[in-house]
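Below: a set of structures, written as structure tokens.
The following pair of complexes shares a single chain, subunit A, combined with subunit B in the former and subunit C in the latter.
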Partner chain A sequence: MSRKPVKGEYIETDTGNKVSRKAILIGTQHIMLGGKTVIQAEAMIRGDLARTGQAVSGSAAAPGSNTAVAIGRYCYLSKGCCLRPPGRIYKGTFTFLPLRLGDHVFIGEGTVVQAATIGSHVYIGQNVVVGEFSIIKDYVRVLEGAVIPPNMVIPSFSIVAGQPARVIGEVPEGGHEAFELRELYKTVGNNPQPLPV
Partner chain B sequence: MCAIRFAAHDVSPRSLSPYTVPTASLRSEVVVSRQKGTGPLAVQSLETAPEPSLLTAESASAAPPSGPWILACSYCNWNSAEIGVKFDKPQGIFSQLSKLRHGEDHSKHSSAGDVSPKKGDAVPESTSARFAAMKSFYNAQNNTNSPNSSSLSNLMDYGLSSPGALTRIMNLYSGNNIGGLGKPKAKSSIMREADSASEGFRVADLDESAAISKLRREGYGGTVTNGQTKLQVEEGARFADELWPIPYLLRTKRSKRCPVCRHIISKPESKVGNTRWRIRLVANNSIPSISIKPLNPASSTPGTSDLLVPLQPAQFLLTFKNPMFEEIKVTLATPATTPGRFASRVTVLCPEFHIDANTDTDMYLEDVLKDGEKGAGRKRGDESTSQQAEAGKIWERGRNWVSIVVEVIPASIRAELGQGALKEDEDILEIPMLIRLEWEGDVSQDQVGTTAGKEKDTREKKELAYWCAIGIGRISQE
Partner chain C sequence: MNGSKMSSSKRQSILPRVQSGPKAPVNFSSSIIIADSALLTGNHTINISSETVIHPRAKLDSSNGRITIGRRCIVNERTSIGALSADPTPSESRDGVVISDYANIEVGAVIESGGTLIGEGSLVGVGCRVGKGARLGKPWEIVPDFTVIYSNGTRRIDKRGVSDLKNKAQARQIEVLKRLIPSNPAKFQ
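Let's look at the complex of A and B:
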């Protein structure tokens, strides 16, 4: 009891993930974090919605083989967002399918993500709904309040907004650095650094 | 590189999602169509027609679902069965659609040049088909008109990229074709205009009574919106039920070249799915970066909003960071009041300053450490004396950055909102700022006009000026 560490707001793992103690992670055995990912308070990841059906094939399946949510490096899940694997009827039974996030994905406050795949360097603003089985490619900016309909595919370098969401613009060549989340990663945690000048 | 690709991975048909089908067979197209009623256009995706036998695939080794297929929007629940569009297979939607529309393969029309007017007995309907028919008709007319290639048609060729263009122009001037000048006059009467539908001719339908009565019947809701007309130019739809699913324009890969020095500025990787760039020279990397933050963040007590209080002076720190390896002199200029309906007052306390050069990256770490110590020491010292923003003096200086103070007095929106409602984002306070940079750099080698052979050590004065807008925040509407 004497070696009890001082509790910070975040749990920092060896791989550099910073997970808020107030984050709601369900079914953690089905959640894969790539490292250096920030999960803020009240962010919810529904790892319990893992694929069903083929789980019978070998009871000693390797851990992580049935991933529900896979997150890359330097992702940032803001307060109150929700990652929820998409589900549908497959071969006669309803099943959930994995939700994959690339690297440097920012998810704004109150956003619900039910995409199939989100690429790398994607910025999703506040209060966005990303519909089931939508696919977002790399370097995409989703403006706040957008509603991305299910099954929509958003090509790379798009700026997306509206209800329903539509491509309204293009990310210029000079705008790529803005998607980097390394600096933002350093500003949270138990000993946050200020943003460099 | 600049080809518009009409291919792959843009929408996944629902029953062909990446989970059920190898990606190689996933060739489908996004189709934009109308939303029911006056609503906006919606992005569609492919779906099988809701037939009960398909929805309840019984065995695990069931055959892949077969058609008919429809386009369906999962946002507004519109589907293409409503306008009677169904597909036999989930691939090649574009050609299937144009077949449905025009009764023939669209690709025949796109390769228009050699289609003779005889071949297209079917009356061309779409604009592009009529254009192709008309073009081939007039081509034929031109050919029959000038079998011995008169000097007139020769003249048309001159502008084209012919290697012998210059010699031919010289021939023109040397009077070789003086004799030829008389010829074209004699035979210009043979040419005729297109006059039948197979030649691309269409009589304008001046009887609008059907359209007018339809407009009466269906009202404003039955017409297309402005946005829809813009998207569906070729379809020429005027009523909502004439709208047609059209393909989504895919992104093109473009490279850019500097107009002055001909350097390639940006060049993307040529592979379709790759988002990397082979060359990407961005101006942002060679002009000072600007960041902005409130001078006294502590003063805003938690609970109060981030909105700017009208008519109350607020001070902000503008930090300029120099990425260049030369010391630069910065001159700033702003209008005294911001443009627009709500004029806020702006004062830049120090509009002229120097920023030290950026240093090489291998010395970077050392510098940062030194810099950190220095900065910390000064900051601590400042706290005791409670630094005041002074006109003409910079606030803080680092290795390659300088902070200055900008004071704004936000306009009162309520006081000036006499004439009409607040438009979208009109309450945002933005400062237009002219930034002028001066520095001494190496004589650039890449400029077109510079004569080679000058000594390389010479330095020249360079300057650069540009406008930018600095967003401060929203003004409270109290």
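Let's look at the complex of A and C:
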């Protein structure tokens, strides 16, 4: 007779985020989710590594101004991936800088992302290492096992692979729809729908 | 209505706390930073020297030998130090893993136990696996100083001579991490 709803595998928020109960989110106050984002089990986000230094200003900073990890809409973080903000020496002190993801970003299983910025419609395969302060522009496909060295800038519409990663090709014309993650978003959650064939 | 059920707003897990192994005997310096969710197991001693940072979810397993970590090391999340090697031959060393000063073990790296030595200032990259009995960097010279090893035995030597600067940068990073990571060494003692 319990009226308590059965707890599903995912926590679904009002903005449509689906966060697995087994995801490891550290420092949640510094993590911004744009909505409709899927975070699968054992994905790890290091929000605790937020920017330090400007804390001395004292005055009440706007909430969310000290974001460590910002994620756009329709992003998909697979099992066991790890997002952590990059850090470096800046003006004589060590500081972590925010990690920004655009919309429709897919991150494969076991991938470690320490980029500065990832654009929109980016596909990153399994077991990829995205080095510190690398910048990935829009419509980029990173094949599995690639190791993107620190500070690399990947232009739009490239296909990247290798250790260290190199641009090996271009996204073909008309291949842009493949980056849409709206359908994939519907396939997970507490009442998943199958992919339309 | 069912007030007794709603009294605690925070949901408590029904499952018992996961205890993956015996609590390891530890020997900590007073200035280390160790996250609450780090995992320390095993029956040999784990020594951690001053100003070393252990990130959340790092796993230190001393069941296959002693673990010694030097000064100002950074052990990142999801690393596994002292993992059991696939090679069953017993090692001649009593030490499991020795990590020297200023080493940085990056996310997801695995360091197998059995006389494994990581030299001063080494950087073990993301997802690396360091096999049992490997000896890297100073002062063992099996792999010489400032060597970058990447894949299939290829390597190059860092001739920039910036190791002092790198150590300074690591010290700065530790200062910042000290503020960011809530330390709880008492939990493991």
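Observations
Basically, the second predicted complex is superposed on the first by the 192 of 197 C-alpha atoms of A that agree within 3 Å, B and C clash if a C-alpha of one lies under 4 Å from a C-alpha of the other, contacts with A are read in each partner's own complex, and residues count from 1 in each chain.
As a working rule, a contact is a pair of C-beta atoms (placed from the backbone, for glycine too) under 8 Å apart; a residue touches a chain by one contact, two chains touch by 3 or more.
Being a predicted model, the structure only gives us computed values, none of them experimental.
Looking at the superposed arrangement, the partner reaching more residues of subunit A, out of subunit B and subunit C, is B.
Of the two partner chains placed by superposition, only subunit C is touched by A:G87; subunit B is not. Of the two partner chains placed by the overlay, only subunit B lies in contact with A:E173; subunit C stays clear of it.
In the superposition on chain A, A:G35 contacts neither subunit B nor subunit C. Looking at the shared chain after the overlay, A:I26 reaches subunit C, while subunit B stays out of its contact range. Once the two complexes are laid over each other on the shared chain, residue contacts for A:P149 go to subunit B alone; subunit C is not touched.
Judged by the touch definition given at the top, the superposed model places A:A50 against subunit C, while subunit B stays out of reach. Contacts of A:V129 after superposition: subunit C is touched, whereas subunit B is not reached. Taken together, the two structures place residues 89, 147, 164 of subunit A in contact with subunit B in one case and with subunit C in the other. The part of subunit A that touches subunit C in the complex is made up of residues 4, 24, 26, 44, 46, 48-50, 52, 82, 84, 87, 89, 93-96, 110, 112, 127, 129, 147, 163-164. Within the complex formed with subunit A, the subunit C residues making contact are 5, 56-57, 77-78, 107-108, 125-127, 150-151, 169, 172-173, 175-176, 179-181.
Listing the residues of subunit B that touch subunit A in their complex gives 9-12, 14, 17-20, 30, 40-43, 45, 55-58, 60, 62, 73-76, 250-251, 256, 265-266, 275, 277, 280, 282-284, 291, 319, 321, 398, 401, 403.
Here subunit A touches subunit B in the complex through residues 88-92, 97, 116-117, 119, 131, 133, 135, 137-139, 147, 149-153, 155-158, 162, 164, 166, 170, 173-174, 176-177, 197, going by the rule given at the top.
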